[in-house]
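Each of the two complexes below includes subunit A, the first together with subunit B, the second together with subunit C.
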Partner chain A sequence: MAPVMKFIRIDKENWERDLQKLRRSFRLIGPVKADQDCLFKTLGEGEFPDFNFLNTRLSLKSLVLPQSENMFEYSLDQSREDCHILKEVKRNPTQCVVFGIRPCDAFAFLLVKPNFDTPEHEDPYWKQAYGAITLVGLACDTPCSTCFCTSAGCGPYHEEGLDVLLVPADDHYLAKAITEKGKHLLKAVDWDTETAPGVAEKEIEARRLAAEKRITSFISTDHLKEKVTIDLYDAPFWEDVAFSCINCGICTYVCPTCWCFDIQDETRGKSGRRMRNWDSCMYPLFTLHASGHNPRGMKIQRVRQRFMHKLKYYVDKYNNGIQCVGCGRCIRLCPVNIDIRRVGELMNNYKPIA
Partner chain B sequence: MLEYIHKIREIAADLLEKKEVEMVIGFRKGTVPMMNEPTFVNRPEDITALAWDSHCGINLANYLPNRKERIAIIAKGCDSRNIVTHIIENKIQREQLVIIGVPCKGMVDRQLIMNRSEGEVLKALEDDDNIIVRGHGFEKRFRKTEVLQKNCEICIHRNPILYDKLVADKVEEKADMDRYEDIRPIETMDPKEKLDFFDKILESCIRCYACRNACPLCYCPTCFVDEHRPQWVGKSQDSTDIRIFHFLRAYHCAGRCTDCGACERACPVGIPVRLLTKKLEKDCLELFQWEAGMTIDIRPPLDTYKPGDSDNFIK
Partner chain C sequence: MKNPYLPYPVRIDEIVTETEDKNLRTFKFVFLNPGDQKEFVYQAGQFAELSIAGKGEIPIGIASSPTEKGFLSFTVNRVGQVTTHLHSMKVNDTMGVRGPLGNAYPWEILEGKNIVIIGGGFAFTTLRSSIVYMLDPKNRSKFKDIHVIYGARTPGMLLYRNEVAQWEKRKDIHMHITVDVTDDPDWAYNVGFVPTITEQKAPAGDDDTYAIVCGPPIMIKFTQPILDDLGYAQDHIIMSLENRMKCGIGMCGRCNIGKEFVCKDGPVFTLAQLTDLPKEY
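So, the complex of A and B:
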């Protein structure tokens, strides 16, 4: 077991000064009020994270998996020696610190990791970008009514996935390093005022329990594993579930755990690039074969895929819970009110007619 | 408008019982405040699943193309005009449909209400003129007229154009209003200003295509942005490609768009996509005295030629 980390006290009056100091060696990212929403963005000189927000519409996955990302460049100029040779785009991701990420969004990186970084396979782009961020998570005392993190494997004070957990108190923050990276960060700012042993721990524990009580919505997952895949696949409820779906990309694009991308070549004049862009299982093109055949040619098949992947295939394959952290974004933003909690309920309770 | 539901259910149940239709397309109560979900009912005993209130802004005509059943569909003014367009464009047959017309008093803008509330809206109630929202420690009352969707605010065809049943007496239509107040300033911009303006409004587009997919007009088997042999439009976040998607889509809607607002309502990041379609709607009105979806007897201006057409290039 890792040694229990102590809580460090950070006085709010020094907060801006400390962040200023950090800015010298890191790119700082944090939530900032925009027109209708709060957005995570790079904090410019004199900008500081605004912690007074419900969850943001977009998740932070683009930090590690940008919506469009160049992978290779090449030349089509026959007179050049390197014509037609793919050259990896040099990347040197700047070390950055994200302030105010919600525990659910940080946990999401761990759920997608098995797809990008395993002993057998390694996606260098994802891995480098993920390696370059330090996640300072904001304990979440103001969940939305659509948040169901506690039944999706994490929670408002969940630590897994974070490097530092930050808990706001009246005139100070309490910070706890979760990982080595987190420790390193606290050290870099000389955040080292340890709290008296036991006191902060108790307080945080009470606040965690209170925060968890504020989560009022849930997803049922306890029977998913034992269900027979093909039974769920053939279940009659998909027609009803899929009816309203317009097959847009919102649910998958706003989801912190949706990881699919499409590789494209784009050329202009005599140079070209190979890039990857987010893709969505909701799009008809997603599974279109070169032959013209599309195994998921109908909407109902695509809708089923999204839920089966998150709530059944992932569960079976990784033994790591569902592929969802309960952030509720897809529920809040679906233009036609398709609700993963409702679908989870249908799947979890489904009994095929014998 | 709440009382409409009784009549809607009565008509719908009757149609199902008499087997005049196989399904009724309408809304069911949403799982979150101020949202309803499009749904279908095919058994009279399920009729109470149907709901109606000021949060039925999704255009149900979007659920018709290529369906083979006999269908009853609930239609506001705009939906009915998109149904007309579908009939003209052969996406559904008139004989397949029983249109349950709803004289509409306007749908409210959920995002606007959320922005103007002091916290998360946990419950929304309504009476004839007001929307009352509640959240932790607050209650707020909005006059519906203050929080209408932008397109509803300027709607001049609230009564269904084409219908078989009507759930209530017709409502009074608004008249004498400038529908294009927001378009005129854009028209006067020079090309550079226009480009900057469009880039600005499209800046946060995530290319989720919800605007397109929520639109009843966008039923092409393969949208031009999805064509890949050859591929016409790049798929990245390149601003040129994003622009092309939006501009071309708008042109494809010219003379067909009813300004139902479904596109704008669907957008997860609040992009005012109607600014593009409205300009073309305005052009069609000025050049061809045309409003989409008003009759099934006349072909829309962009797929017909008339000697009196204003453009000279074809003469």
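So, the complex of A and C:
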């Protein structure tokens, strides 16, 4: 039998002192209040994570896939030997520890991984950045009305994707190492006060069940796999789904599982860099051919692509569930209230007219 | 694993203007680091990203054949930003090549079969690679009959004219060159659109006969029903697609048709595969 993972007790009164200690060897990242929102940022000297939030406006995907990132450098100076030759930029991402990531956002990295870490090619930027983070997740007892994680493959106490699960209690936290990385972290801060066997497990289990019950909105996915791609693609409902969309792209930028990017060169004087930037399937330029032909030139084609990718193509390609963790950001932030739960319902229940 | 986005540095060794409108040029590249050439192992049908620092990258089919050693060649149509800049570059300029990328024509399946190559316009590049590969003395015996139907708008728009004339003279390949129109009284070959010539000249389809079709959408659209009539099964018709690309390795997300990435799962597909996918190309 696998050894039972023990819960470690961390007293809140020592919390700041302990984090201070960690700061010597890691970059600490955590949620902080900004305007009415909460954002993840690097915690400076004297700053500590603020756990009093529902969910952050943006996910943590930019930690691993920055909105803009240098890939190569080059010189256009003809007098130089290496003129026109791309050079790798130095990369040694600092080891960092994220405090307070929600389990859904951590699980999102696992859904994105098969895109960047494949048997044929590895994306070195994504892989190194992902390898350099330790994720200390905050169990979620206060979901938003738009959260539907429990039907999207994860949940408020979901462990997969986290290195440590942190559960807040009155005057302490309970921490559970999920991975070797997590164990290593607990050791590094001397967090080793084991709780009495069985007690914390029972309490957490009860809290997990209660938290899951608080999630009252769902996405239906059970029939997606058996649907025929072309049937869904040709379904009549896309016209209606896409009607109000203004192609702003917000849904894709805020989504922790959207990974599309563009590659661009930027030259200043005689030197420059090749970089990659977030891109979005919501924009016509994404697929425009030099000839002027565009396979997804119309809005309806782009809106359909977004949902088909998340709820059908991904499902079929990776056998790994849907490409969505149910964080609800796209629903909360869409200016015209397009709702992936409703589209999922349409797709999941669709029967082509024979 | 190595950085799949890093191009190999190359030097432009030769530039040939192919067509009378001067919009198509063939660029021959030599690797700057001899070791890189050994790593660049490719098959006919694959493509590469041509990379120009400060301008960007473009996916281009490899026009040279794996049997031609010591260089790579690509035939590039001038249309937009990167292709226009490339056309202004000179012999001995330095740039980059990243690849090989995508899948090749299915050579394991094609061995021992009759091959019918149908090409139109400047999509003939990887077809040239395929023909040179099959005609190589070491390979010719691996294939049965080879037919080539190749059309361009006018005689002056045909690519690789000297080579095509050489192939015309050979007995082990059946060439059917055609142009849409010509007022050249000495034109010794066919006049007519590719679908028409296919109808007249292509052998009937059977289990042992595969067609490889590359060309503009309009040509493909009208050639397809003719191949149907000739008895070609959908899984015996092989096509190569083009979609806008950036990464070329299935990661940036833009070139998909359904769940398949044209850059990684293609660009070569059978017609049978394509009928199950959205027509987003």
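The working rule: the second predicted complex is superposed on the first by the 351 of 354 C-alpha atoms of A that agree within 3 Å, B and C clash if a C-alpha of one lies under 4 Å from a C-alpha of the other, contacts with A are read in each partner's own complex, and residues count from 1 in each chain.
We take it that contacts are C-beta pairs under 8 Å (C-beta built on N, C-alpha and C of every residue); 3 or more make two chains touch, one makes a residue touch a chain.
Owing to the predicted nature of the structure, the values given are computational and were not obtained by experimental measurement.
Visitor: Does the subunit A-based superposition show subunit B and subunit C clashing or fitting?
Guide: In the arrangement built by aligning on subunit A, the partners subunit C and subunit B fit side by side.
Visitor: Under the stated touch criterion, which partner chain does A:Q264 make contact with: subunit B (first), subunit C (second), both, or neither?
Guide: The answer is both, since A:Q264 touches subunit B and subunit C.
Visitor: Which of the two partners, first being subunit B and second being subunit C, lies in contact with A:H158: first, second, both, or neither?
Guide: neither
Visitor: Given the touch rule stated above, what does A:H121 touch, subunit B (first), subunit C (second), both, or neither?
Guide: Second partner only.
Visitor: Report for A:V254: first if it touches subunit B alone, second if subunit C alone, otherwise both or neither.
Guide: After superposition on chain A, A:V254 lies in contact with subunit B alone.
Visitor: With subunit A's C-alpha centre as vertex, what's the angle to subunit B and subunit C, nearest 10 degrees?
Guide: Rounded to the nearest ten degrees, it is 90.
Visitor: Quick check for you: in the superposed arrangement, does A:K227 touch first (subunit B), second (subunit C), both or neither?
Guide: In the superposition, A:K227 touches no partner, neither subunit B nor subunit C.
Visitor: After superposition on the shared chain, which partner residues are touched by A:P295: those of subunit B (first), subunit C (second), both, or neither?
Guide: Once the two structures are laid over each other on A, A:P295 reaches subunit C alone.
Visitor: Is A:L54 contacted by the first partner subunit B, the second partner subunit C, both or neither?
Guide: So A:L54 only meets subunit B here.
Visitor: Note down the smallest distance between any C-alpha of subunit B and any C-alpha of subunit C in the overlay, whole angstrom.
Guide: 6
Visitor: On subunit A, what residues does subunit B touch that subunit C touches as well?
Guide: 262, 264, 288
Visitor: Quick check on the complex: what are the subunit A residues that touch subunit B?
Guide: 35-37, 54, 57-58, 67-68, 144-146, 240, 243-244, 246-250, 253-254, 262, 264, 266, 275, 277, 280, 283-285, 288, 331-333, 335-339, 341-342
Visitor: Given the complex with subunit A, which residues does subunit C contribute to the contact?
Guide: Touching subunit A from subunit C are residues 1, 3-7, 9, 32, 51-57, 79-80, 83, 93-96, 217, 242-244, 246-247, 249-259, 264, 276-281.
Visitor: Give every residue of subunit B touching subunit A within the complex, in rising order.
Guide: 30-32, 35-40, 58, 62-63, 111, 115, 120, 122, 206-210, 212-214, 222, 226, 228, 234-238, 265-266, 268-270
Visitor: What residues on subunit A touch subunit C, complex-wise?
Guide: 71-72, 74, 76, 83-86, 88, 115-116, 118, 120-124, 229-230, 233, 259-265, 267, 272, 274, 276, 279, 281, 286-291, 293, 295-296, 301, 305, 308-309, 312-314, 316-317
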